[in-house]
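There are structures below to look over.
In the two assemblies presented below, chain A is common to both, partnered first by chain B and then by chain C.
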Partner chain A sequence: MSIRIEQVSKLYQGVPVVNDVTIEIQTGEFFVLLGPSGSGKSTLLRSLAGLTNIDHGRISLHGRDVTELPARRRGVGMVFQHYALFRHMTVAQNIEFALRIRRVGAAQRRRRRVELLQLVALEGYDERYPSQLSGGQQQRVAVARALAHEPAVLLLDEPFGALDAKIRVELRETVRAVQRRIGMTTILVTHDQEEAFALADRLGVMQMGRLLETGTPEQLYRYPATRFVARFLGAANLFLGEVSRQGLHLGAATLAPERAAGVTPAGSEAVLVVRPEDIEVAADATELGAHNFASGTVEALTFAGHQQHVSVRLDELSRIEPATANAASAQRVTVDALRSAAEQMAVPLQPGARVTLGVRRVHALPTPISSFNLMTCSDNEAAQLERSPLLAQLVSSMQARVIRRGEQLEAGICVLPLDELAPTAIAAAVEHGARRVLCIPAGAGVPQRMLVHAGEAVRRADLLALVSSVMRHLPIEATAVTLQHPQASRSEVVETQRTLLDTRAELRGSHGLDLRSDRFLGDLPAWLGSVVAQPETALLVLGMNPTRDLAARLNSEMPMLFRSGGHVDLLLAFGRAA
Partner chain B sequence: MKPALLRRPRRRQVLPGFGLTMGYTVLWLSLIVIIPLSAAFLSAAHLPLSRWLQILMTPRVLASFRLSLSASLIAAGINAVFGLLIAWVLTRYEFPGRKLLDALVDLPFALPTAVAGIALATLYAPGGWLGRLLAPLGVQVAFTPLGITAALAFVGLPFVVRTLQPVLGDLDRDLERAAETLGARPSVVFRRVILPALLPALITGCALAFSRALGEYGSVIFIAGNIPLVSEIVPLVIMTKLEQFQYAEATVVAVAMLLLSFAMMFAVNGAQLALQRRYQSRR
Partner chain C sequence: MSRREQSPGSDTLGRALSRNLLIGIALCYLVLFLVLPLLAVFTQALAKGLVAFSTALRDVDALAAMRMTLTVAAISVPLNTLFGTAAAWLVAKYEFRGKGFLLTLIDLPFAVSPVISGLIFVLVFGARGWLGPWLGEHGYKVIFALPGMVLATTFITFPFIARELIPLMQAQGRDDEEAALSLGASGWRTFWMVTLPNVRWGMLYGILLCNARAMGEFGAVSVVSGHIRGETNTLPLHVEILYNEYNFVGAFATASLLALLALLTLGLKSLLERRHPELRGARAEPGKARLAH
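Take a look at the complex of A and B:
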């Protein structure tokens, strides 16, 4: 294990900009951290280099814990976006800087310099000054300089960001070749998806300080776990579909899932990802080679070199619902397709043409939050819920849809106001099939922490799927809490500890996320009392059994949560009804 | 890059054409700078060289030149160190009162030099606040070269700080980060990376502080005590000679001073240019 980052957090004014990130990177691996600006990727890279101190967690390089070491003792090489070459030194002096500091002899320095300049294809440039070189050449020098002291890892912070397109591609290839040749463990930070795909052995997508998903480019492209990754890595059509024992249903089509849908049980709603290149366009259903799922009208055609973008407006009869918040108007659903030259030849299209659409491949996101289903008595109340900071944040970062429909409670997640009437409302919703209920008190702020308590016999996998979905989309710290009786026996204490460790391990294993763990001495009411007593807003995630006397139990076990003026958001996950 | 001057500006400039603006520039420079200076030259020119040497070689004039040069040089040196420190603190740290401190730097600029002189004299006089504390240690500041140096350091400070500040502000922080990841200790980062990058600005600032110190009069006369051969600076010698109606002698000393200043300026600009040639504008 070359690089091990364990639960690393970095706070900026109390807000985590890097939030419990755990990654392991193999020796010789080229790992790319991809994310939009402000996602925390550069901060994470800097903390690896020792240029920023971290607030929590450990970092080890080649088995050596370097968390407390200053940058100069970590043995990393770093390359910056704007080269950061020493302008008063020649290329040779720049490259030899690290060696000169280490008092390496002149002959040896020269040997290493010649070797490195050859590696980056800049032989003979030794005596030039940085200002005499082009941007691409300067960055080559920067790479050579970063490698001079034979660092354990090479860190590249948006190294091609300041270069123009052609040189960028050229230099990208050089860096890849150099990395392969010397087998250097490398981490590169970028916001450019194409660059990430071209370079990465494995990549991690970051958003809001969280490492959302990690995997090979192909894994993440074909089987994303979140709407964000699905759309950030290439284009994607996101629809609400259904999972049944036969497979995934999208409009008229039924496809066998390539992967077990996992957490989405048969009979429930799911978010389906359809890549534009997996959509077939034909004039007639009989000509389709793929599963016919809808028909519509060609709205726009865009030339894109060897490919063609087709935007098709679906007929209302197709009954296809978008899964994203931005395409809220369900009346006008459009599908993006990408056609190869051969397809363009076979079926020429004009704007306004009637077409039938087939789908070759569908991927269901493993998130239980397909949509937010508002359960309110009035539109006024619904509007108030939609404006609540928590829901607004979740909707915008998940790009999920908010639906007001009342029926079909198993779909997505039910949202209702948290007040004195909530226990009855929750019980009613659960009776009608709701499995996940989010209760938001009026006037609550953005939660500042998330507390998870597995509680009763909910399947841990179900609970963690829900927890990870929420964690990925809120920039707050998440903590798993177990309750322990003050007079617990030794074996009980060990058991509690093991449950916590198992929970963390499972979350890490199946979702790639990490959370804090905490133990509370006392029973559930005592713990809830202490949470309510805190001044900051918390999001409480509880697992519960859907028993018949649910309303009474809620009222007797956690009355403090339902009192007016509360500031605790409550997310309940229910197990299967017996 | 092609020299910009050779290209004809396509866009209309805010000010009318090159000919007119250049004309005004030359006229203005002549009126303000060249004519008064040449007047000084001309009025001294009718004296024979032997007379020149005779005037300049008197012990009193020589001592004043020695004092002016050394005190100015030392003051510029002090300002180089503390000016850099102040500029560093003002650009690198965010702290309450930073704006106020920043404004304080300009005070030696803004203050009438006589006010500064009186303040310094009362402070360092044997009975003054600081003079009283220093006297038992055997250190006398007022009416000695030490006092002159203190006054010159005072007036020169803003020049160094103000020339360094923008350069420090623009200095890419990644340079330090890069040096650090390459294994440099903070002291090495400063010596090998930051200082060389600041050197051109530091030289300019010091040169400005030095030239200002060379010509400083108001703030020095009070604290200097003006003892011939001990604490008499060149401007004061000129002044004294004028007061004694020795116009020719005063002019000769003044012209010598002028030539010295020119020589300094050329030397500094030359050094500057050499530095820039090496790693800045050569593309």
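Take a look at the complex of A and C:
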């Protein structure tokens, strides 16, 4: 293992900008950290270089723990966006800087310099000053300088960001070739998806300080786990579909899933990702080669060189529901398709034309959070729920429907106001088949931490799927809590410890996320009491069994939650009814 | 402005007129406030011939004043180079609480009248000041002696170097230093090998201005020096004494030395600016430089 980042967190004014990130990077691997600006990717890279200190976690390079080492002792090579060449030094002096610091002899320095200049194809530029070089040449000198002292790893912070498009591609190839030739473990930070695909052996997508997903470019593009990654890596249509034993249902089409839907059991709602290039457009259903799923009207055609973007407004009869938020578009669902030159020749299109749509490939996100149903008694109550910051953040990229109590329950997470009437409402929702219930008290702020307690006989995989989904949508610290009797025997203590470690390992293994773990000495009411007593807003995730006397149990076991005064959000995950 | 917008037809002639008018006014100002006084200094100094001029300059007291001026500048300019660089480094490279307040403090000597600054030192270090008696008991004389003059001069000229370096360092950011650190350089080495070379011309520029002011300072030094001829007299003070004694040739001969120093500073300053245009930018638009950072 070349680089090991373990549960690294960095807080900025109390808010995590890097949140429990764990990554392992192999020797010789080219790893790309991809994310929008402000996602914490540069902070993470700088903390590897020792230029930013971290608040939690460990970093090791080639098996050596460097967490406490200052930047100059870490032995990394760093390349900055704006080159950061020393202006008053020649190219030769710049490249030899690290060697001069290490008191390497002049002859040896010269040999290394010649070698490096050859590597970055700048032979003969030794005596120039940085101001006499173009941007691309300067960045190549910066790469050579970063490699001079044979660092353990090479770190590149948006190295092509300041260059124009053509030079960027050229330099990208140079960097890739250099990296291959010397087999240097490399991490590159970028916000450019195309760049990430071109360079990465493996890439990690970051958002809100969280490392959402890692994998090869192809894995992440074909099988994303989150809405964000699906849409950040290329375009994607996101729909709500259904999973059954036959496969994935999208409108009129049924497709076999390419991967086992995993956590999404048959009979439940799923978020389906359809890439624009996987949509076939035809005038008539008989001409379709792929599964017909809907029909509609061509709204717009956009020329994009060798490809053509087609935007199709679906007929209401198609009954396709988007998985993304946007109440206005709920009535007017549009689908984006991308057509090759051959397809354009075969089926010429005009705006306003009636078309039938086929789908070649569908991927179901492995998230249990597909949509939200706001169960309320009045419009007023619904509006209040929608205004809560927690829900606002969650539904910013998801569909939320408002349903009156007593109406038919739809698939998705059930949302209720958290008040003294909540136990009855929860029990009623569970009776109607709800398996996940989110209760939000009136006036609750943004939760600052998430506490997870597996509790009763919920499958750990189910609970972790839910927890990881929530973690990927909220920039808060997550902690798994186990309860331990104050007079627990030694074997019980060991058992508790093992459960926590297993939980962390499983979350890391199946979702690539990490969380904190904590032990509480006492029983459930005592723990809930202590949570409620804290002044900060918390999101409590509890696993429960859907027994018959649920309302009474809720009232007797956790009455403090329903009278907490509004700073604990409650997310209940129910196991399947026995 | 608004008139020009209303009548676009007549603007060529109007613009040429107003431009010439403005240039004329500026020239008048220059002649009146700069060229004539300078001429006056030199004509007065040479009014009784070169011999009288050189005799006046070779006067014992004049030589002592020169020595004093050079000594004060030789101590306070390096001190301010040190303090100014440290302050600029702190302000430009680190975030900390009270940064705005520190910036205000750096500018304080510009805002306070030099005479008041001098008085402050008298109040603190004078014979009846807070620290004066105690220092006196231990045999240290601050006011009406060299230490007081150095203190006053250092105080007055403090902002010159810091103010020159802050926008420059801010515009340069921390990338270079971080690159040096990641390449294995210690903080001290980074400073000598990277930070200092990056700001050396700005620093020289600051030193030049600081030195000119240190040699020419009158108000604050006048209060703390006590005007003891041959002992605590600097050139500007010497000019005043001679003038009050109606020794015009002596006064203006000494003044011409100071005027020459000013001209030399100006010449060097514009030479530096021509060679390093970034200095002009940094000085004229500190706000912009900070934004860019």
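Assume the second predicted complex is superposed on the first by the 560 of 578 C-alpha atoms of A that agree within 3 Å, B and C clash if a C-alpha of one lies under 4 Å from a C-alpha of the other, contacts with A are read in each partner's own complex, and residues count from 1 in each chain.
Everything below uses one rule, namely that a residue touches a chain if its C-beta (ideal position, glycine included) is under 8 Å from a C-beta of that chain, and two chains touch if they have at least 3 such contacts.
Note that the structure is predicted; figures quoted are calculated from it, not measured.
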Inset, instruction - Determine, for the superposed arrangement built on chain A, whether chain B and chain C clash or fit. - result: clash
Legend entry - Touched chain A residues, chain B compared with chain C: B
Inset, instruction - Please indicate which partner A:A49 is in contact with in the superposed arrangement: first for chain B, second for chain C, both, or neither. - result: both
Inset, instruction - Return first, second, both or neither, reflecting whether A:Y12 touches chain B, chain C, both chains, or no partner chain. - result: neither
Inset, instruction - For A:A84, select first, second, both or neither according to whether it touches chain B, chain C, the two together, or no partner. - result: both
Inset, instruction - Examine A:A98 and indicate which partner it touches, taking first as chain B and second as chain C; both and neither are also allowed. - result: both
Inset, instruction - Kindly classify A:S131 by the partners it touches after superposition: chain B alone (first), chain C alone (second), both, or neither? - result: first
Inset, instruction - Pick out the shared contact residues on chain A: the ones touching chain B in one complex and chain C in the other. - result: 49-51, 70-74, 76-78, 80, 82, 84-88, 97-98, 101-102, 142, 145-146, 148-149
Legend entry - Touching residues (chain side chain A, partner chain C) in the complex: 49-51, 70-78, 80, 82, 84-88, 97-98, 101-102, 142, 145-146, 148-149
Inset, instruction - State the interface residues of chain C toward chain A in the complex, per the touch definition above. - result: 173, 175-176, 178-186, 189, 193-194, 197-198, 200
Inset, instruction - Note which residues of chain A are touching chain B in the complex, please. - result: 46, 49-51, 70-74, 76-78, 80-82, 84-89, 97-98, 101-102, 129-132, 142, 145-146, 148-149, 151, 155
Inset, instruction - Please name which positions on chain B make contact with chain A in the complex. - result: 172, 174-175, 177-185, 188, 192-193, 196-197, 199, 278-283
